[in-house]
Each structure stands twice: as C-alpha cells, then as structure tokens.
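Contents: one structure, followed by commentary.
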Amino acid sequence: MNGETKLKAAVLGASGYTGAETVRLLSGHPRVDAVAATGNSLAGKRLSEIFPHLAGPTDLPVVKAENIDWSDIDVAFGCLPHGTSQDLIETLPHHVRVVDLSADYRLRDAALYASTYGRPHLNPARTADVKYGLSEWRGAELEGEPLVACPGCYPTASLLALLPIISLIDSDSIIIDAKSGVSGAGRGLKEGNLFSEAAEGAHAYGVGQHRHAPEIEQELNLQAGRSDIGVTFTPHLIPMTRGELVTCHVRGDVDQIQTALEAKYANAPFVTVLPLGSPPPDTRHVRGTNNCRIAVYPDRVKGRVIVIAVIDNLVKGSSGQAIQNLNLMMGWDETLGLSGLQALFP
Amino acid sequence: MNGETKLKAAVLGASGYTGAETVRLLSGHPRVDAVAATGNSLAGKRLSEIFPHLAGPTDLPVVKAENIDWSDIDVAFGCLPHGTSQDLIETLPHHVRVVDLSADYRLRDAALYASTYGRPHLNPARTADVKYGLSEWRGAELEGEPLVACPGCYPTASLLALLPIISLIDSDSIIIDAKSGVSGAGRGLKEGNLFSEAAEGAHAYGVGQHRHAPEIEQELNLQAGRSDIGVTFTPHLIPMTRGELVTCHVRGDVDQIQTALEAKYANAPFVTVLPLGSPPPDTRHVRGTNNCRIAVYPDRVKGRVIVIAVIDNLVKGSSGQAIQNLNLMMGWDETLGLSGLQALFP
Amino acid sequence: MNGETKLKAAVLGASGYTGAETVRLLSGHPRVDAVAATGNSLAGKRLSEIFPHLAGPTDLPVVKAENIDWSDIDVAFGCLPHGTSQDLIETLPHHVRVVDLSADYRLRDAALYASTYGRPHLNPARTADVKYGLSEWRGAELEGEPLVACPGCYPTASLLALLPIISLIDSDSIIIDAKSGVSGAGRGLKEGNLFSEAAEGAHAYGVGQHRHAPEIEQELNLQAGRSDIGVTFTPHLIPMTRGELVTCHVRGDVDQIQTALEAKYANAPFVTVLPLGSPPPDTRHVRGTNNCRIAVYPDRVKGRVIVIAVIDNLVKGSSGQAIQNLNLMMGWDETLGLSGLQALFP
Amino acid sequence: MNGETKLKAAVLGASGYTGAETVRLLSGHPRVDAVAATGNSLAGKRLSEIFPHLAGPTDLPVVKAENIDWSDIDVAFGCLPHGTSQDLIETLPHHVRVVDLSADYRLRDAALYASTYGRPHLNPARTADVKYGLSEWRGAELEGEPLVACPGCYPTASLLALLPIISLIDSDSIIIDAKSGVSGAGRGLKEGNLFSEAAEGAHAYGVGQHRHAPEIEQELNLQAGRSDIGVTFTPHLIPMTRGELVTCHVRGDVDQIQTALEAKYANAPFVTVLPLGSPPPDTRHVRGTNNCRIAVYPDRVKGRVIVIAVIDNLVKGSSGQAIQNLNLMMGWDETLGLSGLQALFP
C-alpha cells in the first residue's frame, strides 16, 4: 500500500462498545486511519482513559462532534444510539461517506421507523433509499454509496441463515429463537446488566416485540417478493460478554436447505456453512472475528429443520460488518482489515 | 415431629451432582434422614472429601451399594446414570421404596426405551406401570407407590408449561427451545464441560435427537388422548451452572392459555404463573429452590404465543422434585423439606 | 416458639443487596418478622418488583423511612450507605434497637471516621462507645446493646483469621491480599460493575488506601494492646458474584497458629478451622451460608505462614452476621435463623 | 517478505491449549509457517476437529511425533507436559531449533529439577546451559541458540515486575500473591476445572509449594548475585479463562521502584509501566496480546510498595513469548507476528 493515501475516518460515539470496537478493528486496516473520535459526556478525555485496551497507537482524544473539522474527514462510522445518529448524520457535509451502525437508516418505511422507534424520521426520503448493508447480500451494489445502514446484530445472523432459503421453506412458520451475550446491551448503566445480576442466569426479553423483528421481516419480504411474511423472534440474554446464536426453526427439506446455503456462500470469505452432521457451531468459534458459521439439522419431526447461525455481535454483528461495508463502498477487497482476525479460544 | 420415627434414606450415586443435592436437601427434611450414601470409585471416602460443602451434620461415608444393609433402609433415591440405575434398583428388597431420578423408568414403552437409551430394559413390565412423577400432575396418585420415576429436567419445565394447554393449542406445531446451565451435564469429565471451554460461549446440542423429546411426547400424548404428537426440542448449553429455561413456541389464544395455566396451578405450592405483562422469568429467581415460574406472551404474529418456564435443574429438575415425590408417596404434605428454600440472589 | 411474640423488624435500605439479603434471611428466622422495608427512589413499589426472588411471603411494600410508624418496630437493620445510615439512625426513637451494617459506627475514633469517610460524624460520643459486632469476639457482651455496628466484609474475614494469632505473629509484617466477588460493590451503577466489564478479568482496587484497613487495624491494635499496628491490605475484584477470600501472609510458627485458631473457634458454630494439610478452602463451600472457613499453611520460606479465610460477603460478611448480632443482643441462641443455611454447590 | 523462504515449524502437543495458541499465533507470522502438529491420543484427527476455531488456513492433520519427517522441519515448539517434553526433545536431530514451553529446561540445577518435578532430568548438562527465555531480559543473547526454555506463566509476570527492582527492595521479604484464569490449568480433565466447579468461586492452590517458586527464585538470585533469596508465592484459581495477575508485596521506595521499572522497559515493545497514580491494570486490557502491564503503588504502611503485573497466560505467559523468543533466536525483530494482536474488550 506504499505511497497510497489512507482514508481518514471519524468514529462517532467512540465511548460505547461498538465505537471502541470500530477503533480497535480500524487499527489493523491497511487503507483507513481512525483520526477522530467523538463523545459527548466524555469529551476531553483520551480514549485510553475510557478503554485502557486502546492505549498506544490506537489512542485518540475524544472530542465533541461539533468540534470536528469535517474537511479533513473522508468517512464517518456512526456508533451512536438511534435517533442521536440521524440527528448528527443529517448535518454532515456531502463529501463524508457514512457507515451507520445504528438502526436509523435500516427501515425503508419511515412510518414503520416511527412506530418502532418512537420518533419520526428526520429524512424519510433518504431512509427509503439507503442500502441495507448485509454485506454478503449487497456486495458490489454498495460501491460508491454515500451512506450505508449496517444491519442489527440479530438481523445479521438471522438473515444470513434465512435469506438463501426463504423460497424453500414455509415462510409462514418461521421461528427465530436467539441468544445474545450482554455486550449486545451496550455500555448503558442498568441494574440488569450488572455482573451480579447477569451472571449465573438467563431470561428472555422483548418477547413478541423486539425492534429487530421488523428489520428481519423487511428483508425476508423483499427477497421473497412478498409483503406479509411475519416472524416470531424471541431473544434471550445469557451470561457471556460477546457472541450471538440464532436458532431458526423452519419447515422444509433439509437437503435443499443445505444445498442452497452452500451455494450462496461458496465464495463468501466470512460465512462458513458447516457440512451436514457437524457438531453445532459455538459462538466461541467466531469470537473476535467477522465470521458467521451456519449449520443445518433435520428435526426428529418430519419436515422440520433447524438452522443455526453464530456470530460475534460486536464484529460481524456491528463494527466488523461496518468495515466490510466500507470496503465494498470503496470498491476494495471486502476482507481488508478483517482477514487477520482469529477467534480467541479458549 | 417429636417422637416420630424418621424414614431412613439411602442415596445411590452420591458422588454426582444430583446425589449431592439430594443429601443437601434431605438435611432440611423433618421426616427423613439420609443415613447411607453409595458410590463406586469413591467408596471409602467421606462425602465431605468429595463435596466439602457437605461437611458437618450432612456428612456420610461413601460405601459400595453391595455393602448397604438394606434391612435398615426405608427409601432409596436413585441418583445413578440410566442403565446403572435399573441394574441396582431391580435387586433391592421389596420393602425399600424407590424414587428414581434416572431415565430408567420414565418411558412406559420398553421398546422406545431400548431405542432411545441403547440397551434393553431389565424389567419391561415394570416400566410400563411405574408412575411418572411430575409431582403437580400425579399428586395423590403417588401415595403408596413403591417406585416413582422422576422426570428429566427438560421434561419437567416443558410439561409444566405445556400439559395444561395441550388441548388449547395446535399440538402439531409445538417447538421447545431450551437453555440449560452446565450442571445439567453432570460431573462427568468432558472437555466441553471444562470452564475454559464452557465459559463465554453458547451452542446447541443433541439437535433433533435429544433423549428428553420422547419423554415429553409420551406425556403430551397421554394427556391429549393421542399418540402422534411430535415436538421439536432443541436444547442449548449456556455458561451458567444451575438453571434451565424453556421457551415454548405454540399456536393458540393467549388469554385461554393464561387462564388454563392459572387455573391448573392456583393451589400448587411450587409453581407460579406470572400475570400477563410481567417481565420474563429468570432462572436466577428460582435458583436453589423447588419453584417453577411460568409466563405467557402474545407474539407479534397473530395466533402465536410464547410460553416460558424456568426451574433450577438440580432442584425442581431433579433432587427437589424427587423429595416432593417421596412426600406424595408417603401421603405427607408435599412441601416438607422444601418450603424453606429461598432463591439465592444476587 | 408457639405463643411467643416475634420481634418486628424494619429493613432500612431494602433496595440494595444487603437489604434484600437481610429480608431473605429473616424469612427463616423463628423469632423475628420483617414487617417494613424502606427505600427512597423505589418507594411505592413492592420489594418483589425490584427483587423477584422475594415474591411470596417475603414480599413487602417499599416505603420512605419517614413514613414508618416506629412505635410498631422493635429493631431496625441499617442497610444504607455510610453517611446516609447515621443520618437516619440518629433520628430513631430509643426503643428501636439498631443493627447497623454500614461503616458509620465501626470506627471508635470520630476523627479517623471523618478522614476515612470524608465527612464529620454526627455523634462522635456514640461511635466511640458502640460495640463492634464481630460476633465470635463480642458474643455475650452484645446482650442488651441498643446499637451494634457490623464489621465490613473484608474485616470480618481478616479479623476472624488474625485476631486469635495477633500475639503469636510478627505484627509489623502483616499482609492481607483479598479477593472479592462483584456483589461486594453493591447495586450502584458503574461501568466497571457491568457484566461485560467485570467478566473474564481481574484487577486490584483501592490499593494502599481501602477504607477497610483502618477498621482492621483498630481491632488488631485493641486486641494486641497496641496502637501502632499497620497492615497492608490489597483487595481485588474477581469475576464471581458472591464470595470473599482473604490470604493473610504472616510470620510465625505454623503449629502455634493452628493451635490458637482451633482453640478459639472450637465451639463457634459458624467458624471452621480446617485441619493442617487440608485442601485450600473455597468460597463455593460457604456460599449462601453464615460460615467462615479458615486454613493454615506453612510457607516454603521458613518462618512464614499463610492463613486463608473464606466467607460469603453478603451473609457472614453482612446480613448473616447482622442477624447473628441481633440474636446476641437479645440473648438468644446465636444460630437462630442461620443454622439451616446450606452452601449451594455446584 | 516476498521471495523469502519461511521457516517450517512443528508444534509438538498441539492438542493442548498452548499448542493450539501457538498454531493460532503462528498463522499471523510473516516468516514462519506451522506445517506439522503432533498429538498422541488425537493423532489421525484434523486440528479443526479438536479446536474448531482453527478451521481454515490454520488447519493441520495431527500426527504422532514419530511420524514427522524432521528433515523438513526448521523449528519445533514444545507444548508438551514436563517430562514428556524432554523425552521428545532429546531425540530431535540437531538442525531443529527448539522453543520449549514446558518446565523441562527452565531450572539450571538438575537436582532441583528432580526434586521439584519428581523425576531425574535426561540431560543435566544441557539444562544447566539452556538460556531461560524471559525475552525482555535475554534479548540478543538468544540469537543463534539451538534451544530456549520459555518461562512459566507466573514467573513471567513475577520476574518482569521484580527483576528490575531486586537491588532496590528488601529481597528477604518478597511476597507474590498471584491469580490465574482456569486455562492455566490446561486441558486436562479434573473435576475442579469443570465449569460447574470453577465458576462462581475462588481458592488458593499449591500454597507454599508451587513449582514456579524455584524458577522465580533462580532468576532473582542470578540477577542479585545471591543464592539465598526465597519468595513466598501463593497462586489462586479464579473464575475466568485467560489472564494472570501477580500482586507483589515488597519493601522499598516507591519512586525508586517506579523509576527503575520505567528505565528498564522504556523501549520494550510489549511491557508497559503505567504512570504512578494510574488505575490498577486489569487482565482484560492484555487479553489476547503479548503485552504485560505493570503498575506501582505506595502502601499506607510506610516503606511498603505494591507492584502489580498482568499478562495473558496463554500469550505472554506461554505461546506469545515462545514466538518472541524464536524471533530473537533468529535475530529478527522480536515483534514479528505479535505486534498486530489487540486486546479483546469487552
């Protein structure tokens, strides 16, 4: 890469987990430098005071977003909560490409956004048009895009498993039972996320009403050319930090499903479809990587199939996929900065 | 209880977790004394050498089963692996009542037992007759029984949730997605149960072929007066020690389901049906107790309902229910020795 | 206990962990009923809404302290933060006995209190006089006391190990290296106590300046008849919820130390001195109980000895010892309400 | 590195954690390829069957050591248990450089080896001569060496903290209180390492007799030009997978100690001495990296100082330092293959 100019990136909301993870991953990217990190309440500190693991070459001062000189920035990673994210993104100058990790530009239908997230969208026309950055599905389409919306962590795992088979299964009986580590809840201070209350136990949450369900349905319907597919989506919080596992209960033929998944991801660098009969994939096997592993199992009840996918919610489920999307937006090899990541085990 | 003679109990297989838990719980029982503990490889040690938390009044020497003087024993708790359990139980003198925690007498159909557990049953006629001790469903029927088979941990939670509503739901689309702590795997030495390999991750196991599925189906069919109900049962191992959570995805009417569950368990001392709209039950809230908590949620997809149940796999899922069953066999108050247990939180 | 009137207890600060644990433990006490629970921000809720494991007979409405009718209360358990605790305790009518779990009445020297806790004491004369409730050391002295100060969790474990041997060891080279579970930090919302930041790691804190050191020194000096003993006290936060382990590095003779400890606690119901050569005590073996286990080891360096003590920080380290102290204040058997607690293992 | 020939490495004992970690780390090394992996009981499997996270380019067949064609191997990483390690290493042809991670060549005194490890050394003359590869202390001395012994995990952290200050402190009162994650115990199957028995608790082990103490003393004495320094070394097992923290209690002057540590490691790429007054280092901040962080604290007792060091036991404490040592043996930049590692947080 000698002689090439690197892109200059700003990470918006660097004091949260996805912000910190984006900074961490960018430090290994050959064509992008993280040069600015924003935060509100923590502005004035250095990133390494908030996240000591970012000491050294990855360290940056945290500044308020309004103090960034945007003329010097090529790309912004939006790691802010929904709402706050669009409030800032809509003010950015046009030359700044944006990879948004929030929910703000994922739903094409602004009315659905408003009912799901409890506030009207600032720019309904734009959200209707923004590309939904499930990297393996949009690929080259993302090249040149000014703004890409990164999928939620649950939709990433769920859609990677279900999109290739939506035409092969009974789309009216899809059940997604999901399990997530606590880092998925972010760095917000809630009793339920304290070690003493999250360790040694498990519970469902958002049962029947989680915000990721409409996002999953939007993409399944789009792929199926329908508008009425509804999914049951039941997430659970389990006592681990990173990792997400989705167990999809569907009806169809196990061999057709396996074949379709293998065909779709034959050349995908980050998605592995395990051979039939493999031991079930474990979130440990993808921890710290941008990988997704998918496996298919016949149920003992004829005609039912279980499709399981695992990801690291902070990498493929957010910051890693965001970088993969930037690579695609720039027309680069999609693995830049991500191919060297190895799962930490044990 | 002054003046009364206490029952003398032997715990068979006291060097495993359910054996140790049975000893622990019996120490608080007003009408039963644990007087003998068997073990093979550890015979000759004291229980407190294997399990230091059992030092003190609960301590016992571990002896080989063949060295027990059965004339002195009133009741035996079978805490052995399946197979080994029937091998011993079939040799016991008739005056010894048996509460078996293994799988050996749960399936009425000896052929199904053989295909599920990989060996023929020693006593097909007996297993066809033995009462299946899901305490809240057999209750007074257990009085006077010489042998009761305690349900598996997953069937306990699943059946408590599903039996009361089997006639109200589409019995051909039942999906049970279960999550268990690692103690459910017992004390056997396997790499996957090492801390370094079980912490910080999650995976499914036994997908489509877990041995608890036939047991669940047997009881659902019996209750429904059918023989062809099949269930999808997908268990997951998650990084906690105790606790089990089953998420049942069913089709039916949420209010009918809530009403049926409330009616069934209105007077059950150990089963609580949470009011509609409650936060989801957490395994922490029942840890160390014989309690089961059940909650019902409408799905966002019309006509689908999520029923969640949590138990402590080592108490209500095994040793606690075993004691509850002994109480019922003796015609005692079913809460004896169990009512004082309080969930340890945090 | 038939026919006897039970004491009526108020738990002040029931929305924290020591408050909840006090309510939980009192529910098994034969001569005390928890009848009131106070909380400020959570007043108006029921205790079971904050702590679902307290649903049922242990449930209580949370009220503001100013709304308690004290004429109806016999004893108050102070489970408030230091400072807040004395502010309330100093206003209570004289007939209310107080067991204070905070740090407010532990230090006899009000100047030391002020420098350690950053505020002047409201009642210096009183704190100079209040009995320091390390139960095994004050015992019958507590009978009839109107107010007893319960030791901190670290001082409890450290002093149980060191007080019996202070005259046998080099009192100028005592080093206490302590490890605590996260529940010791309480329910306060800090990033460092989030599951994602406390799991899978360990760190020291308060190095060279923890507030429990002056408390430990006060009692060691008192016992030794000196005033200049200083201790090195270095606590660590480790990824477990309950449990505290102190490793005391001292100089002395291992047999003398073992003998002194055994002699002191020969009849103590809650303190066990393990025989020389025992496997090291584990916090799991006392989890959920009021027990302390102590073990002594010769070092490979001649003349050095390691004394290890383990407790459950929320029981013997706070709420359990508080109840033990109330028993002593009332002249009752000190084990009332505590003898049935069994360690939860695994 | 284009055009250069890479070294070919064999990993001996690839079915344990340090073996797997060596394979993982080598996959990012620009001048070394892992081309062979040995194992006994698992020979015939692929590495990815044992460690699914090693699927892909890092995968290798596991073969018996006797089936390796050594003419094709440049370097061997010994990841075997002590004893087994020397049995194999002593048979290797001379052209094979060896980096041994076991304890077999760490102690110069074969008699001390025999008494510590319970068997005579095969090659006493060799062990007296082998370089002890604490990388930051041997550095260029390692260039050209045919065999280097990598320090144990505890000695690595302890010596990095103590060697630079041994002349500044009272060398007769050194106390090292250490805490380790469970992966330090390896992949061996013992009840105490099961998740259910290692989670939610802590205990000391090897008190007064751990095998790493002689190793620490050997190096301290060598550096101090003495032979009689003895250390108290008390390790603890805590419920995390990776990470090691040593708390060194010493007597000396805090400023002198800080200055000496800063001076020693001013140019060390992997060792960071935190400024005085920093928050205590956390094992999370070095997890997955070859880094060591050291911090110094004045005690409240005058003249006492606490020096804390944290490492990842599987990286700087074993496989990472092994690769650093190979780099030094080859005269390469010591950071090759290690500089890109980033701590995984949260």
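Brief remarks on what is shown
Note that the chains are named A, B, C and D in the order they appear, and that numbering of residues resets to 1 at the start of each chain.
In this text, contacts are C-beta pairs under 8 Å (C-beta built on N, C-alpha and C of every residue); 3 or more make two chains touch, one makes a residue touch a chain.
Every value quoted in this text rests on a predicted model; they were computed, and no experiment measured them.
Comparing chain pairs A-C and C-D by the number of C-beta pairs in contact, the larger count belongs to C-D. Ranking all chains by how far their C-alpha centres lie from the centre of chain A, first place goes to C.
Centre to centre, using the average C-alpha position, chain A and chain C are separated by 45 Å. For this pair, chain B with chain C, the centres built from the Cα atoms lie 36 Å apart. If you average the CA atoms of chain C and of chain D, the two centres end up 39 Å from each other. Across the assembly, chain C contributes residues 17, 181, 183, 194, 196, 199-200, 239-242, 279, 281-282, 284-285, 287, 346 that each touch 2 or more other chains. Contact residues of chain B toward chain C in the complex are 17, 20, 24, 27-28, 51-53, 55, 58, 183, 199-200, 241-242, 272, 279, 281-282, 284-288, 314, 340, 342-346. Across the complex, chain D is touched by residues 17, 181-183, 187, 189-191, 193-200, 239-241 of chain B. Per the touch definition, chain B reaches chain A in the complex via residues 173, 175, 177, 179, 181, 194, 196-197, 199-205, 207-209, 213, 230-234, 236, 238-243, 245, 247, 249, 279-285, 287, 297-302, 304, 306, 308, 310, 346.
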